[in-house]
Amino acid sequence: MIAVNTALEWHWDSTWEVLPTLLMAFLKVTLLVTVLSTLIAAVLGLFIAMAMRMAPRPVASTIKWIANFIRMTPIVVQLLFAYYAFLSLEGVTIGIIVFGIHYSTYMSEVYRAGIDSVPKGQWEATTALSMSSRRTWTAVVIPQALRATIPALGNYAVSMFKDTPFLLVIGVVELVNAGLIFGGNAFRYVEPLTLVGIIFLLASYPTSLLIGRLEKRLAFNT
Amino acid sequence: GSTTTEQPGGSAAAPAGEGKLQALKDKGSITVAIAGEAPYSYEENGEPTGATIALAKKIFGDMGIKEVNTVLVDWNGLIPGLTANRSDAVSAGMSILPERCANADFSDPEIMYTTALMTQKGNPKGLSDLDSVKEKMDAGEDIKLAVLAGGIEAGYADSLGLEVQSVPDAQTGMDTVDNGRADAFAMTAISLNFMADENPDANVEVTEAFVQEIDGVPQIGAGATVFAQGDDELREAYNEGLAKITESEETYLAVVGEYGFTAENLPPKDLTTEELCEGTPAP
Amino acid sequence: MPSTPDSATSPAAAGSAPSAPVIEFRDVEKSYGSNVVLHELNFSVAKGDRVTLIGPSGSGKTTILRLVMTLEEATDGYIFIDGEPLTHEERGGKRVARSKKDQKRIRQRIGMVFQQFNLFPNMSVLENIIEAPVHVLGQSKAEATARAKELLEKVGLADKAEQHPTSLSGGQQQRVAIARALALDPEILLLDEVTSALDPEIVGEVLGILRNIAETTNITMLIVTHEMQFARDVSNRVLMFDGGKIVEEAPPAVMFSDPKHQRTKDFLHAVLGGEEGTIGTH
Amino acid sequence: MPSTPDSATSPAAAGSAPSAPVIEFRDVEKSYGSNVVLHELNFSVAKGDRVTLIGPSGSGKTTILRLVMTLEEATDGYIFIDGEPLTHEERGGKRVARSKKDQKRIRQRIGMVFQQFNLFPNMSVLENIIEAPVHVLGQSKAEATARAKELLEKVGLADKAEQHPTSLSGGQQQRVAIARALALDPEILLLDEVTSALDPEIVGEVLGILRNIAETTNITMLIVTHEMQFARDVSNRVLMFDGGKIVEEAPPAVMFSDPKHQRTKDFLHAVLGGEEGTIGTH
Amino acid sequence: MDEKFAALGEAMPRLLDGILVTVQLTVLGGLAAFALSVALGLAATHPSKAARIPARIVIEFFRGTSLVVQLFWLFYVLPLLGMDLHPLLVGVIGLGLNYGAYGAEVVRGSINSVSTGQWEATTALSMGAAQRMYRVIFPQAWALMIPSLNNLLIHLMKGTAIVSFITIADFTYHLDQLKRVTDTVFAYGVVGLLSYFVIALVLTFLMNTLERRAKRKLGQGITVKSILSPAPTVGSPAGGAI
């Protein structure tokens, strides 16, 4: 059981060696992909939600099935597919686009639910006040719908963040992959992967807490 | 059989340490981990094959361990799998590197590595080695270099300060060059030549092999089979068998020649694992 | 374009000369699926009338207000506002929908106050009130604000202009909703059980405000309420509904002291706790 | 253990000899944070008493019922049921909580009917009623079912035993809830505005059932209601609350025709629409 | 195209093996996740801190880290501590822990959103804590949680695509083999994504049927259309995400 001991021992020199690499990978890839994909997903999701509401029926239902298809199939397979199908794009770019599109299908549902959550009475009040449909959307519906959606959008961003390790199937060296590569080179896995876990917790747990608080505050003020 | 799903359950490996060699002999089989890289160790039509597999079959077979089972894992799972006792040895031509020696035990050198570049046919950018890539990049030329994510060449490129694209596997590396997404793909000469031969239709060629120098130090690479720490008896028995093969060019090529290996890959007699582990390889 | 119909069924408001009815229902039918909610309904309301609709739950009272407000469309028949068809008109013997634009133009003359207030929670009290004057009528913000302040004064909430509706009590919210409806200077005001979401003790405040509006303006009102006392005080006509039909119609003094129809008697008995004679005259 | 207190403030039910009160509040205080909802409250209820609690919204009526049902705990003071402390007792000059087991034992003598019925939607009507007799009292299913059928008969719903609560009207659901509470044979029945979620026309049915129970059983009742007529008909004592204090206490005949306290007068005026004298005696 | 289908035909037995592995992982992982969801969810709503705090730690830990890292630890580090598990079992446990932690939030949220009136009615009927949960609260929470649990199950199914990382030859692994003999668009795009989509639709259909039954028990109607609809529920008690 000698192997056991060496493999599980904590080596501080390995720790200090790998930490900068991990932080760089976290900032340059994990965070970059999460932030840009969240932006794409948030915007595209709104377009999908609006299209499903306003487009003619056949168009709307086509969009809906495409969205369902994307939502219900593994992002890993989507990444592989896109990576090999679009060889002219770099892995990180593919990652950003695939994550953005995949999560836009979730976010569109959030928007839809947000719009649906605006009480019927609010719509009726706008009719009773003869408000235009444009004004109804911009002054009443969207401001109220967004309140309900922001926390859910935040939760999806966190969930996307936790999915970024899937990028390793297309060779993108994000946080986890950077840890594994270090492990593969030095044959030491305990330090990099523990650090990876800690960085994940440090990044995602406070964000979740923040979103939870936001959720409570928004709910209280409505 | 080789795929994991056919395993009966738990690990197929024998318990580590003293008596392991005997246990394997009694069982008549050994499980080696592979990463699926041609031409070292990979699966073809569901059967394990490749140069290091051929070595393993010969050496273990001579010891009386007739059956060599393989378990195909991700490159990054090879060593953890070994320490976790999910395999008895790693047969993937892993390079002997000082930092690795502290955490696992290598056999004597089996393969000498040199590096090469894969380019499109006709080598349109006129690249010969990583130094030439660096020169042209520094001169402002638009050169895209692909390396295997986590591969040793990625380390070279990093030391030289080169911008790279990572690819998840060798096949993808070739595709990127073939499709023009990258101008060159740096990898071991053996792998590149093997792939180029296997895919005559691909619009790729491989440069002359070279030994990369980093800060004036030539990066001589040698690959070996890896054993868990403590399995000294097993490793020494393996080394004995290996010595008989690396004895002469003839015996060496008889085993690995069919996988595209040449005399160049035969480790010199005076090169030892200890030296490589200390980071002072003979020039 | 149909000609302005004669006010056939409407007894005009006391003392005034017979004029074109402000609201007229002509053979209006409304169904949800196979459920017929209103049956060939005919009635009209003259300018300045205060009509109370009473009747058991599900009898169609709310539906009538919603039809007038164009929140629903009739399945058949026609509704006229000031003689002009609202959502549908007869053209060449056929019932055709009017353009959205026409509907919108007519709708601007009508205001509605809901049971659940339906104030916009993302706007302050003042913003709620000036929203429509500014963005629908195109008034300047200053002008609309001045008027809104007047209205807030009138409903006793001058000091709450900057507050959020959610920080107000139910009764206060309902008073803001009334001010908001009045800010468009409607000719017709629709009130659907405006006090039934309020605590019993607060009901009085809101009814007081409405009584005051009824006394100081000439707005035509259509009121659905369970407050028989209020119906008695404010309205000049009471329509008793049951099963989507008008069962009985009378001035409140008559309706409450001497209902003719058995259904009305039963209803008043149930609502007034068996003392239908106890609502006093003021 | 405190000795059984004398019934100090409770005028015992007409004609019976003075006995230990069934419910006694002794210096009970309840606050939520810094908001004191009940102030040093003292009152007791004798066996068979039907006490109505009236008062404006927020005066603490519901809180009293919830304290008795152990849905809330008093912040200070003691509540006794049949002379036994409910959630807290005085021991060595200190106020200590009673064990959950003791609380549960006492609680079994108390039943409660809620404004929102709170029937279990995952059970049929019958299952709702036999749930507690079978799983709390340990009755056999047959025994409990027989009793449940009797109770359903009593509330006029014998034919609905197998139905889902959600398929019933509000009034029917409330009657099931009453039957469910009675199935535990409580000594005390707590009723919190049991008709205020019902349509006005249906209210009568439910009140009729309660009146019948009051007349045919000897269950002690604590009733919160806005139905003054019902309070008058059924109860033998009315407690008027305001701001967490008892403002006035009297038999209903006195309270409604001749309230002493100005707060009571105002309240009755608001609730009865200014006609506090109009509730007749039967 | 013909040769691709020929290659597909040849690979079919292995692909079917792979689908079987994926379905096994999904079903077993789903069951493990569900068991854990209920256990942790109940603990997280328990009045006693001794039950709540450990549950919260476990939930936050497994929600806060990535599935890939968790699988790695289970597969390569657990054996060092003397627990030597079959790769499939590691996959099931890993998926179960990760999605079970998410599911616990769904269970907790659903239990908390059963109306307070129902809780109070159980007190008014003197029901005990276990009886209250088992006979009244959970059956109602169950109907609320199914749509969110279905979302999680789909996520779990999608998560299985990463298990080739721990040497399991699942469907994605065999797709990779198919890619070598055909091409990417065909292997991943046509065969892969479509097959996964069909599996997801079947799962959704089953879960919707379950939901319909649960709702019918509560006397609520649910349309046939909603059973066939694959749209996820948002604003779920878990807060929407995942």
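Going in written order, the chains are labelled A, B, C, D and E, and every chain counts its residues from 1.
We take it that a residue touches a chain if its C-beta (ideal position, glycine included) is under 8 Å from a C-beta of that chain, and two chains touch if they have at least 3 such contacts.
For reference, the UniProt names are A, E = Polar amino acid transport system permease protein; C, D = Polar amino acid transport system ATP-binding protein.
Small disclaimer: the values here were computed from a predicted structure and weren't measured.
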Steps needed, at minimum, to get from chain A to chain C via touching chains?
-> 1
Name the chain whose C-alpha centroid is most distant from the C-alpha centroid of chain D.
-> B
A student comparing D-E to A-E should find more C-beta pairs in contact for A-E
Where the centres are mean C-alpha positions, what is the separation of chain B from chain C, in Å?
-> 85
If you average the Cα atoms of chain A and of chain E to get two centres, how far apart are those centres in Å?
-> 19
What whole-number Å value describes the gap between the mean CA coordinates of chain B and chain E?
-> 39
Two or more other chains in contact with one residue: find those residues in chain D.
-> none
Enumerate the residues of chain A that touch no fewer than two other chains.
-> 3-4, 7, 84, 168-169, 180, 189
Two or more other chains are touched by the chain E residues 72, 76-77, 80
Sort out which chains touch which and give me every pair.
-> A-B, A-C, A-E, B-E, C-D, D-E
Enumerate the contact residues on chain C facing chain D in the complex.
-> 56-57, 199-201, 203-204, 226-227, 229, 267, 270-271, 273-275, 278-280
Which chain D residues qualify as touching chain E in the complex?
-> 69-71, 104, 107-108, 110-112, 114, 116, 118-122, 131-132, 135-136, 164-167, 180-181, 184
Hey, which residues of chain A end up touching chain E in the complex?
-> 3-4, 7-8, 64, 68-69, 71-78, 80-81, 84-85, 106, 109-110, 112-113, 117, 148, 151-152, 154-156, 158-159, 162-166, 168-169, 176, 180, 189-190, 193, 196-197, 200-201, 204-205, 208, 211-212, 215
Chain E partner, complex, touching residues on chain B are 3-5, 7, 9-11, 46, 71-74, 77, 80-81, 83-86, 171
Chain B residues within the chain A interface of the complex = 16-17, 75-76, 78-80, 83, 85, 97, 99-100, 102-104, 148-150, 154-155, 165-169, 172, 175-176, 179-181, 228-230
